[in-house]
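Please find the structures below.
Each of the next two complexes has subunit A plus one more chain, namely subunit B in the first and subunit C in the second.
What follows is the complex of A and B.
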């Protein structure tokens, strides 16, 4: 996959030397910080123990505060990947360079994934704060972050595809948000169905199923398969899309 | 990788012949021949180009088709993989406590299920304990396909809840806008079922340290084992001594208790019925004997049979109280002293009067009062719910005096230090004032004892003795103000009828499920996580932005 590394470097520099990534990260940390603070308030104001779940588990996916930033931030991170280059015309230069479409797509995608990881990295401090006020199961923290990474991989892949399908950044962000939101709503819709195949299917695609498992230290092969394929398929479609631009 | 397809230059148009025609109009024939030759030549030249164009278009179409097919294939493979994964899945539990890792005992139990078992979870899936139950039951499903699981949200599925209440005698109440059910789970197989209480799902060793010990697996597997047990425990109720009737419904009947016991999969039987063909051993087959408020003297042979039953390892629940004799002059001797002696107690011929105004009820003259509960497995739930106002409300009780023998009875219910056991109560009516002959408080009115095990027995017989008849009244299960009584009686039955077989599920380690944070710590947390961290990130972005603006344009090449 020739050209992956230079593209990754170029994208990372492009993201980190402009204020956009920092603004996104600041906004993200504000929302997550607020969520964490409310969580601690909730746990400390309980006169009795909260049966079935500790605060570390609750942080990962037991509130809409966890999903809300992801639904909005992932499309914003990815919206400029191809849409901006197509609008400014720099995509022509990239396409004529000796790099494969796969390298172009993966280079850009991995750059946003790096930003995503950097975005979450400061939240490890929250876990240290928790550990200073009680015991914490670091295995649960690790699987919680693994689940978060899987969600990010999938959402960013959707965003990358949306960016490749349009030359408007806004349209790319909107498209990705709507798609991600649709999957998110499907998870909620599952609650409205009785036990059966429809419910199972909706639960299979629900992000809450993934985070409920991973936040409790459970790694389920079904979740792994779904979320990895949810990341791979849009990426493959993006590679094909970029390839099609070379056909003229 | 080099570009796969280079743009092929457009095929050159056939050269225009208009100018040539104008210049050579005098030599029309020649020009016509030349034109014809030129056209033929152009046609000859254009033919391979057109062919190349067609080939290129064919190739493009083929490439696009291949790309579409490969994309569709990837999607189809992805969908198929997910279908396969949903049918054959594996889960790994990485939690330090192994909370969702099933023990061998549970796996054996699940693999041994031959008839379908239905589990009705009466907890919302959206609550933390609901999610944990769902995760745990998902693990159970991995080992058997005989489990049918139904989640009923008590707040949303009201109709289903009412149906279940009628079927299984569930108690429901509303608190804080939520419906609270006494059972968290019902395990059903055929006609048998078992409740799992919410309190059984988690153990709290010390309520002050904000840590809990998960017991989901133990509670669920125990219930499954219980409904699969082939022979339900038999409880024998004594009759023939003017006891409360098992069939009598209403406030002072035992029909409510009988119904509750049957719904908990106990088999009920009455013994000592005055029939011509009385069996030689009336208590054969009984696992638990209930002496349910006799109000007539018990014949010697019956007392002997009961004593023998307990001595041989049977358990007994004795509920009795002061009964006036026929002349209404004294309390009747029920002739159960030998049986009570096995519990290490003696029933005094007194009637307890409670003088503590915080315990006696209004207008009862001190004979009806709230008893103090002592910590014991029997009173576990009662003690836990005392904070919510539950207490055993007793009426016309007598003292149970410790015989100070080898058997050490543990008090379950006591009176206050201000109470008195009034002797010669009936003779002194109506004016009751404590005197020096009366028994000073605190008095014991219910005890539990586990007798030493005989050789070959895993544990000795158990006895619970209570000296208030109203503990068995049906009102305890109908009127919420008597909830303390129902908790006491149910606790007594649970403790007395416990089975020998125990699930070998090791205790899970304690995990933090609550936090104790000072206000100072909370404020500093707010500063760090809500203000300092995001602001630091924002400042970093601003700094980078200004640094870039200061650098010369030429150096900003890469970005």
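What follows is the complex of A and C.
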């Protein structure tokens, strides 16, 4: 895919130079560090509280609080992607280069995914801290991270689409946040329903059910399909949006 | 090199281009002229593949910009109006990125960038943040970007807009040097610029083609409306002598301080030559020496005349109507 690699590199540079990436990573690590600290404190004071679940599983699968920052962080990472280029007019130089809209969209999207991965990387340290004080199941850690990657892929794809739909960065970030939040709320709402199709449907889309499963090593293909399409559909819509600008 | 065929472009219900067809041959430098809002940028955006035509097609070197956009785009170096750039990048960094994006092989990227930095007059600027550059220098970065992949065709949208007179001269000189290796389509609304650097002109107004051809052909499209005369003698006397000449309209003294330059308008432009002869004869009868006679038909005037008229009354249409009568 011609042009993907230079676009990805430039976008990374843009994210780190306008210090969005640094600010986000700092904020994220602060929040996750705090969460990790409370988790450790609760384990060391009352080790029987979460029966049958190690701290690593709890870290990934126990609380939505842990995923809540992503509702804001992902849209802020992606808000610039297209909105800024359209506002400043640089999109004209970009789209008149011999590159396909797909390469443009994927290059930009993958740049934010790289920042996302880098942002999570230091949390591996927490796992080493845990392992030095007790048993830790590394395969569960791996599925836990796979789950977070799936969530990031989906949220960033939604943010990318939002950024292509408006030339205002603020509107892009807000739009994506509201959309992602709606899925969050659905997860909570599921608890208000009795067992039945509505409840299981709502649980299916909830980030908590994905992470609950993955943190316990349960990789369900239906969840995989749902979350991967959650990433692919917005990306496809973004490519079509970029193509549609030509005919506007 | 460029062949536009019946290009139309609608913005919503507004039709910005109406059946625009023109051609640019390999090696030509063509000025693309029109008043504000004529549709110049719209046309160039279609040619560069940024916008799609509502109907019609354009071929770049035989490749349709609608059906084979990637191939067509790879032959074009396009400089958008106002040259938008990433302000957070450095000049050299930006040009390297653009070279890579346009598929310049890794091994020749560095040399390509230093070549265009020299060509566009950006020596010593490669470490400067684009956000810190003046408008003129940003314009040069845009030009360097258009050149970096050595495309056979350059499409430049008002490359001299907003530059100071020295920079304008430099950009014009650069374009004249680029003639050797590139076909160039350059838009502007400054006519002297076209006279200075182009072989041909394409004139549009309100989205329609008004005229095209070599500069001489464009000038010939309009008969002179007046003749400018430099005399030796009394200007007021000369003016009096020209009151009743057949075919001559008003006489004006162009410069009240100099008083040696007169401009005589023609009441019937088709009879310009005979009228000019009568004017000169009349002046010599009253013992006023005629030093210089210049028919006034600058391209500026051609432009003003052609674009001011309603597009339904272009030269061709007028002839047609005459023929029907």
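To be clear about the criterion, the second predicted complex is superposed on the first by the 243 of 248 C-alpha atoms of A that agree within 3 Å, B and C clash if a C-alpha of one lies under 4 Å from a C-alpha of the other, contacts with A are read in each partner's own complex, and residues count from 1 in each chain.
Throughout what follows, contacts are C-beta pairs under 8 Å (C-beta built on N, C-alpha and C of every residue); 3 or more make two chains touch, one makes a residue touch a chain.
Small disclaimer: the values here were computed from a predicted structure and weren't measured.
Once chain A of one complex is fitted onto chain A of the other, the partner contacts of A:242 are absent, as it touches neither subunit B nor subunit C.
In the superposition on chain A, A:99 makes contact with both subunit B and subunit C. In the superposed pair of complexes, A:90 makes contact with subunit C only, with no contact to subunit B.
Counting the residues of subunit A touched by each of subunit B and subunit C gives the higher count for B. Look at A:217: by the touch rule set out above, it reaches subunit B but stays clear of subunit C. With both structures placed on the common chain, the touch criterion links A:125 to subunit B but leaves subunit C unconnected. Once the two complexes are overlaid on the shared chain, A:17 sits against subunit B and subunit C alike. Legend: residue contacts after superposition of the two complexes on their common chain; A:7 is shown touching subunit C, with no touch to subunit B.
Of the two partner chains placed by the overlay, only subunit B lies in contact with A:33; subunit C stays clear of it. In the superposition on chain A, subunit A positions 2, 10, 13-14, 17-18, 95-96, 98-100, 246-248 are in contact with subunit B in one complex as well as with subunit C in the other.
Here subunit A touches subunit C in the complex through residues 2-3, 5-7, 9-10, 13-14, 17-18, 88-90, 92-100, 246-248, going by the rule given at the top. Residue ranges of subunit C in contact with subunit A, taken from their complex: 11, 45, 48-52, 70-71, 73-74, 76, 78, 80, 82, 84-89, 93, 97-98, 100-103, 142, 145. Those residues of subunit A lying in contact with subunit B across their complex are 2, 10, 13-14, 16-19, 21-23, 25-27, 29-30, 33-34, 36-37, 40-41, 43-44, 46, 48-55, 57-58, 62, 95-96, 98-100, 103, 122, 125-126, 129-130, 133-140, 142-143, 191, 195, 200, 204, 212-213, 216-222, 225-226, 229, 232-233, 236-237, 240, 243-244, 246-248. Listed in rising order, the residues of subunit B touching subunit A in the complex are 1-5, 7, 60, 63-64, 67, 70-71, 74-75, 78, 81-82, 85-86, 89-97, 99-100, 125-135, 149-151, 198, 201-202, 204, 207, 210-212, 214, 510-517, 521-522, 525-526, 528-531, 533-535, 537-538, 540-542, 544-545, 548, 558-559.
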